[in-house]
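Here is the structure we will look at.
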Amino acid sequence: AEPASKKVIKIGVTQSVDSMNPFLAVRLVTGSIQRMIYGFLTVPDSKTLQPSPDLAESWTTSPDGLTWTFKIRQAKWSDGQPITAADAAWTFNKMMTDDGAKTGNGPAVENFQSVTANGQELTIKLKAPQASMLDNPVPIMPKHVWEKVTDISKYEAEVYPTVGSGPYVAVEHKKDQFVRLEANPDYWRGRPKIDELQIIFYDNPAASIVGLRKGDIDLIGRLNPSDFESLKNDSNLVQWNTQGRRATYLQINHGATTSDDKPIGDGHPALKDPKVRTALHYAIDKQKLVDEVQGGLAKPADGSIVPPLYKDFFWEASGAEKVTFDLAKANKILDDAGYKKGADGIRTMPDGSRKLQFRFSIHTDTPIEDKLAEYLTGWYKELGITLTTKRLDSSKFSEETGTTALFDIAISGWSVNPDPEEVLATHLCSRRPGADGKGGGTESFYCDPTYESLYAEQQKELDRGKRAETIKKMEERLYTDAPVIALYYPNDLEGYRKDRIASITPIPEDKGLLYGGSGYWPFYTLEAVSKDGASADGGGSNAGVIAGVAGGVVVLALAGFFVLRRRGGAADERE
Amino acid sequence: MTTTVEELEQTPVRHGLLRYAATKAGGALLSIAMVIVATFFLFRMLPGDPVRALAQGRNMTPEQLDLERARLGLDKSIPEQFLHFVGQTLRFDLGVSYEYKRPVLDLIGERIGSTLLLTGTALVLAVSLGLWQGARAGWKPGSRFDKVSTAISLVLWSVPTFWLGLLLLMVFAAGIGPIPGMFPTRGSSSVDKPDGFAGVLDVGQHMVLPCLTLVAVVYAQYLLVMRSSVIDEVGQDYITTARAKGLRDDDIRRKHAVPNALLPTVTLVFMRIGFVVGGAVTVEAIFSWPGLGQLFYEAIRVPDFTLMQGTFLLITVSVILMNTLADVVYHLLDPRVRSA
Amino acid sequence: MPMLELDELSVTYRLESADVPAVRGVSLELTAGEALGLAGESGSGKSSVALALLRLLPRSAAVSGRVLLDGEDVLAMKWGRLRAVRWSSASIVFQGAQHGLNPVQRIGDQIAEPLLVHRQASGADAAARVRELLAQVGLPAWRARSYPHELSGGQRQRVMIAMALACGPQLIIADEPTTALDLMVQAQVLTLIRQLIADHGISLLMISHDLSVLADVCDRLAVMYAGRLVEVGPSSGEFRHPYSQALAAAFPTVGDPASRLAPRGLAGDPPDPQQLPGGCAFHPRCPVALESCATSDVQLRASGTDRTAACVLVGE
Amino acid sequence: MSTVAWVRRRRAIGRFWADFRTHRAGVVGLVILAVAVVLALVAPLFIDSSVTNVVSGTGEKMAPPSLDDPLGTDESGRSVLLMIWWGSRTSLLIGFLAALLSMVIGTVLGIAAGHFRRWIGAVILRVTDWFLVLPSLVTALVLAAILGGSTATIIVAIGVTSWPSTARLIRAQTLAVEARPYIERSLALGAGHWHIATRHVLPNVAPLLLASTTLEVASAIVTESTLAFLGVSANKTSWGTMLRGSYDWGAATSGAWWYILVPGLCIVTVVMAFTLCGRALETVLNPRLRTRAHA
Amino acid sequence: MLEATDLRVEFPGRGGRRARAVDGVNLSVGAGEIVALVGESGCGKTTLARTLLGLERPTSGRIVYDGTPLSYSGRALRAFRRQVQLVLQDPMGSLNPRHTVYEAVAEGPRIHGLPDEEAVVADALARAGLRPPERFFQRFPHELSGGQRQRVVIAGALALDPKVLIADEPVASLDASVRGEILSLLLRLRDDLGLSALVVTHDLGLAWNIADRVAVMYLGRIVESGPTEEVLKNPQHPYTQALLSVLPESPERIVLTGEPPDPTRIPAGCRFHPRCQLVAAGNGKPECSTRPLQILPAGTESQVACYLATT
């Protein structure tokens, strides 16, 4: 029904949109869509991932690092209204003053003292210096549209077309089904090369793979290794395999405490000993895990929680510091530290009080973690350490490993933004649960003076290079002290149809991500194959199928009718 | 003839029906009350701190968490929470979804249509097909038709819904060998759904596989129930009377056996609605059908407890209401209980 | 020509475990306008005979012999013809009026059904005829709109009778029409039947285990034992067969000093049709059995005018 | 008297078996069942839980059936055949225990509801009806999700949601039995509640109970697999979790049909066997059906 | 032996109305006496019998056994039920199909913990005419004929050595030829063991066969009672007269009109008056429809509750 020349690209996602209101949305898929609809202050550079101008053309910082001034670009909202600093100021102020608006990106304005606008000039005053300021994740909203909303926490924002400043404009959203975006002709960088972008939701990952193969969708991201493998033999498909944003690591209960330094939880005392933690580290064959658990589609971690994708911030151990799989060494470390093996082959504490029997907490319903657990159990058995797997549903899991500390070793993982500050912060003392044993947001119960001071240092450091050095030191500290042990960095696995997508630029351009990357680059630069009919999604064949089905139904109905008519023959009578 | 007595007996039975309906409605209300209480305590048994679960994957300060907790009313005592919950529920306020940050009722409202379309169609198909086939099979137990029908339904009865759904998806949506992938892989309509009749066809095409899955699993039960119900009737004397009257076999079945056999089936049809709903959860998950079942599935996966609680409450209450309706319908249909 | 003639009618139920010879060679005649009573204990095959008359037996039953209804063999009829004969030539009133009526249909519709099936009336005619029939059995016309359960047992039985009369059959088969009914109601129904056959000149085959009831209504009586007729004769005379005599004695006459404080019955148990004793099937219970009875079977033989009995001791 | 009882019982069993044998489908079901149960029981003699251990998976990953692995391998190179074998233990265990649980609850409440006519019966009936209309899968899902999906939880979740139909059946049967004159006679002989329930009601409902339990096992196995598929089961290897695994590891998309079909077919076969068996039992043991067959 | 005084039993009926199934009955059964209770269906015979056994609690009135009023505590009832036993109409139904004859007969002794069970059972069976008893021990009810089953039921009652037997339609479901045997058995037991019996029946012939006394019941009340010969040969109450007249052998029939009586709607005055043939014929008295009748006392002599009765 549509002109064949219209270029439509369909992206399959396995997460549905939670809310079209950016103040409320938290899901990754929604974040990606916001990136395409709204401008941000800055956007990670497509090559270096360094913050680069987006709606903010340029910016300056006061020497104390507390005042930031952004110059807002002269551009127009998609409804033709000019974009001003007032829009940005309204957005931030809304979040700072309205609790309901904090849901989506609340922490991003936590450190804001005040935000003021003057024409195209936006001034943000901070409470404390914050180097990650330029990685601000808040989409700038059109004030003239949104100020009419009375209760932001109840507003669904289901008004189409949306008023935005990004490369696309949302024109339709069917809940749990799809979001349709159209190219924004007035986009300040220029109109995207395709006309329409559809984000189509699949509940069933297997069905999405089928969809990609069939051509129901053109691109799908965040594949798991096996689904990725299954795209192998299709000549129309491109398997996209690059380094990802995630790190998978173990979290070790090395003596969890609350924010007033009182012990909490029931962690095994042996884990307080850094030697034990190091031994545990030595006993992990990360390459094997990558091969077996991730199907080879990951990179063994010789660093910490920041993945190699972020070259600037990535740190990797080398030399003597580097821990390599060595069961003998691990055993020796434990022997030397006085953990003797008992008659049953299981080590005990040096004072003989307790056996080294640890629990390994994983999530229910995550087969990868299950496998991982089985490998770890195997290796640790060689060390004379018993590891028992404890499966927890996610709410219980996060409570036990994040608040009540009822664990020994737990699986963990974190997706890292171009600026790693957020993930680093999860290992700060202040993130531990409060004195009442509640709350908090720690990923390790870590509380280390060295780490704390490094954190404070990097926050003040506005020079990217110097800051990166400090951050690497933090990673090193985590590596050697081992409150967490990084296992591997899973690759980003995606697939797309080359008979539909002529070109797409990942972010970063060098081996970067397509879907789920930061910024709108891939979908802004996307070019569709402009063969006739290719983008019309086989409208003809669809119609054919429909006709076929209808025909079939008619035939069946007729057949049924005749069968019914035929009844009543003498043979049917009963005697 | 003492006509006075005869006329006395003619007194209408309407108020009987009303009273019956009222008793049933009372029973349903009681059941619903039980559901509400049970739901409250069931969800209070939750391990862990829902707020903390909510924050999973995101960075939240303790203050924020407390704020959230207060917002959800989780800082109050259990009796207080209970009263609050009951009050809320009675005002049709099912709370706010942790995940979507929106009233659960709104979320449900957006999806209930799809679910009704799918389950409704499936139910109608399953009921008509199952009852028709069951009636024929039960009329001549042991015949080839009966054997084939029973065999098919027994197999279908043993098949896990999701597995059947996956196989159908793999065969008819993906296409295998000579079978083309003729049905869509997801959803209830195409993104660029045409208008008018073509649009209806489009939805129809999307509905084929999920509907088929649901029908396959559900209809077997109806078939078996109807079959044994008809077998029960076949031995009755009034059937012999009908034969003695010179009726044709098919007329006996249609006019006498089936109407009687249908009656006990009515309640069963409705009683199995819970089963259909259960099937819908799986089917919607497999075919990405944007309905309540999917919402529920998602709520479980997240887990989003208010959403789970709300959906559970709604599903349960509607199944109870359906059953009550069934009782009343049965009452209307069966002259024997109608005046009893 | 007799209205109904049974010639060596046999019915055998073929069960998975064994064959049950329920009726073993019954020959009977019924002339037009005559009322014949068929008596016998439970399981003696009375109902099987009745059902065989219109080929209403289940599939498992094998029927042999001939059933001549107005000279035409019912067992050899084509389906269409049989359907035409059913109810219009012969209709049946079953014992359990409770179950003989479809519980979810109004009785008016049920009465009208054979009329419509046999195209004897349509629409309004049928309704009028239903009213008429109800009146004949003493029920008000509005009862047509009732459901069976709204009627008492006696009323239901009257509906069954009205239904049987619907197509104006020549023969009505009444299988234990009063057994489940109360004494007083039983009397009402019997009076009705008696009156109707007298008015319409219909033949009646009435089945009961109660000889006194049959004797009351019927001209002739036939007594069955173990699938056989043991005695056929006018209802007025004395019974000759020892079984018939015992059956008659089982229902004492109130006021008869002979039976006062002296109940009488037969020793032993009714026969199991799957294991009938050899010889005369009655001999193990027979108070006057001869030795030969255990080995040689006896056929019906004449015993006085119009009377035949199957016993070696009877004879002219 | 024990010999009398024994002779009697043997005769009853003999008669029952003779009846049962005439149901060919039931016999087939019984044979399949026997094989499945025996295999599950003897499994530890040949293999142990290590066949489900990913570390010990030695074969190639997702390898199609071959001589080495007759039913192919899964995503970790484990033999599907051995996993099926070992997993049958969990599936059957859950099936049996859940059915047992549901049967015990159902019987006790059913008999109580049928026996006590006053408010006790009414209350139990109310509760039963309430549970009966609850969508059982949905309820089981919620229960399992809330309580965590250990094997015990799954059993409880299934058992607690599936008893009402048993209770209904038993109640109906109890009412039917208690309407029989022999109960009146027993009362007249001086019998009490316990005597009536254990001497008359229970033996009379027991056969039906057996049949319904058999059917219950079938549906419990299906429910377990569905719960596993919907991801609320944190179970050891069972057929359901294997199916879940095949789904998670994209067996469907990568053409590993053996990984999807085999566990599924196992479920279908065993469930079908239970169903056939249960239905045959029902026909043989249900006095209502029986008398009809002879009428 | 067993006496009921002003017994009333009500059931909650349809539409909130109460069914007065038994509505003021005085009845006694003397030692070694057989009393027949006759009446049409639904008049309350069974209810009365069950109440006499304590299976139903009377709304008012009392039951006296051997001079002591019946008490409804579990223990007292059990003791009472050793003395008074019940035989029901349907022998098939009265036997648990899963119990052997032995178990069926032994049930009573087991409940009451009698010693020497096997001897008791064998003795009871023999007395009920099942000889030799051992042959029947292991049979199941479905392997017996109807008459044998009824004998087993009677043996079950005899095993407790009762003083009174209440038989509710004991032969109604039996074949005609078997009926006489069972009735003879009852007579013999009375003669041999001095058993008293209350036989509930709608069959006047049965009453004539074995009863010493007859009580005619109509709509929850006894309307006429007295020695069998007097009542059946010379009935005083119009209802009894009608009942007797519809017997096949009687010369002229009085077929009562109207519906069977409904215990939820008991007419005022004489409860029989709406159907009374005398009233219908215009011979009624005004009080027939207005003034309630006296309840007949529990006497052995002939008595009748009717304004129109000649005596």
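By letter and in written order, the chains are A, B, C, D and E; residue numbering begins at 1 in each of them.
Methods note: a residue touches a chain if its C-beta (ideal position, glycine included) is under 8 Å from a C-beta of that chain, and two chains touch if they have at least 3 such contacts.
This structure is a prediction, so every number in the text was calculated from the model and none was measured.
Engineer: Taking touch as defined above, what minimum step count separates chain C and chain D?
Structural biologist: Contact-graph shortest path, chain C to chain D, evaluates to 2.
Engineer: Greatest Cα-centroid separation from chain E: which chain?
Structural biologist: It is A.
Engineer: Looking only at C-beta pairs that count as contacts, which pair of chains has more of them, B-C or C-E?
Structural biologist: Between the two chain pairs, C-E has more contacting C-beta pairs.
Engineer: As a quick test, compute the distance in whole Å between the mean CA positions of chain B and chain C.
Structural biologist: The mean C-alpha positions of chain B and chain C differ by 51 Å.
Engineer: If you average the CA atoms of chain C and of chain E, how far apart do the two points sit, in angstrom?
Structural biologist: Spacing between the chain centres: roughly 32 Å.
Engineer: Please report how many Å separate the Cα centroid of chain D from that of chain E, as a whole number.
Structural biologist: Centre-to-centre distance between chain D and chain E: 49 Å.
Engineer: So the centre of each chain is just the mean of its C-alpha atoms; given that, what is the distance between chain A and chain D in Å?
Structural biologist: 43
Engineer: Got the chain A residues that touch at least 2 other chains?
Structural biologist: Only 206, 210, 213, 365, 393, 396, 573-574 qualify.
Engineer: Using the touch rule from the top of the page, what residues of chain D touch 2 or more other chains?
Structural biologist: In chain D, the residues touching two or more other chains are 145, 148, 231-232, 247, 252.
Engineer: I need the residues of chain B touching at least two other chains; which ones are they?
Structural biologist: Within chain B, residues 1, 46-47, 166, 169-170, 248, 285, 297, 301, 303 contact more than one other chain.
Engineer: Could you pull out which chain D residues touch chain B in their complex?
Structural biologist: Chain D reaches chain B through residues 126-127, 129-130, 132-139, 141-143, 145-148, 218, 222, 225-226, 229-232, 240, 243, 247, 252, 260, 264, 267-269, 271-272, 275-276, 279, 292, 295.
Engineer: Show which residues of chain E lie in contact with chain C when the two form their complex.
Structural biologist: Listed in rising order, the residues are 40-41, 145-148, 175-184, 187, 202, 204-206, 208-210, 228-229, 232-233, 242-244, 246-249, 253, 255-256, 259-260.
Engineer: Spell out the residues on chain A that touch chain B in their complex, using ranges where they run on.
Structural biologist: 1-2, 8, 10, 16, 18-19, 24, 26, 99, 102-103, 106-107, 110, 153-154, 156, 174-178, 180, 198, 200-204, 206-208, 210-211, 213-214, 216, 365, 393-400, 402-403, 422, 425-426, 433-434, 438-441, 537, 542-543, 545-546, 548-550, 567-568, 572-574
Engineer: Help me check something: in the complex, which residues belonging to chain B touch chain C?
Structural biologist: So the residues of chain B touching chain C come out as 1, 3, 6, 9-10, 236-238, 240-248, 251, 255-256, 259-260, 263, 333-336, 339.
Engineer: Within their complex, state which residues of chain D touch chain E.
Structural biologist: Touch residues, chain D against chain E: 1, 4, 7-8, 180-182, 184-192, 195, 199-200, 203-204, 287.
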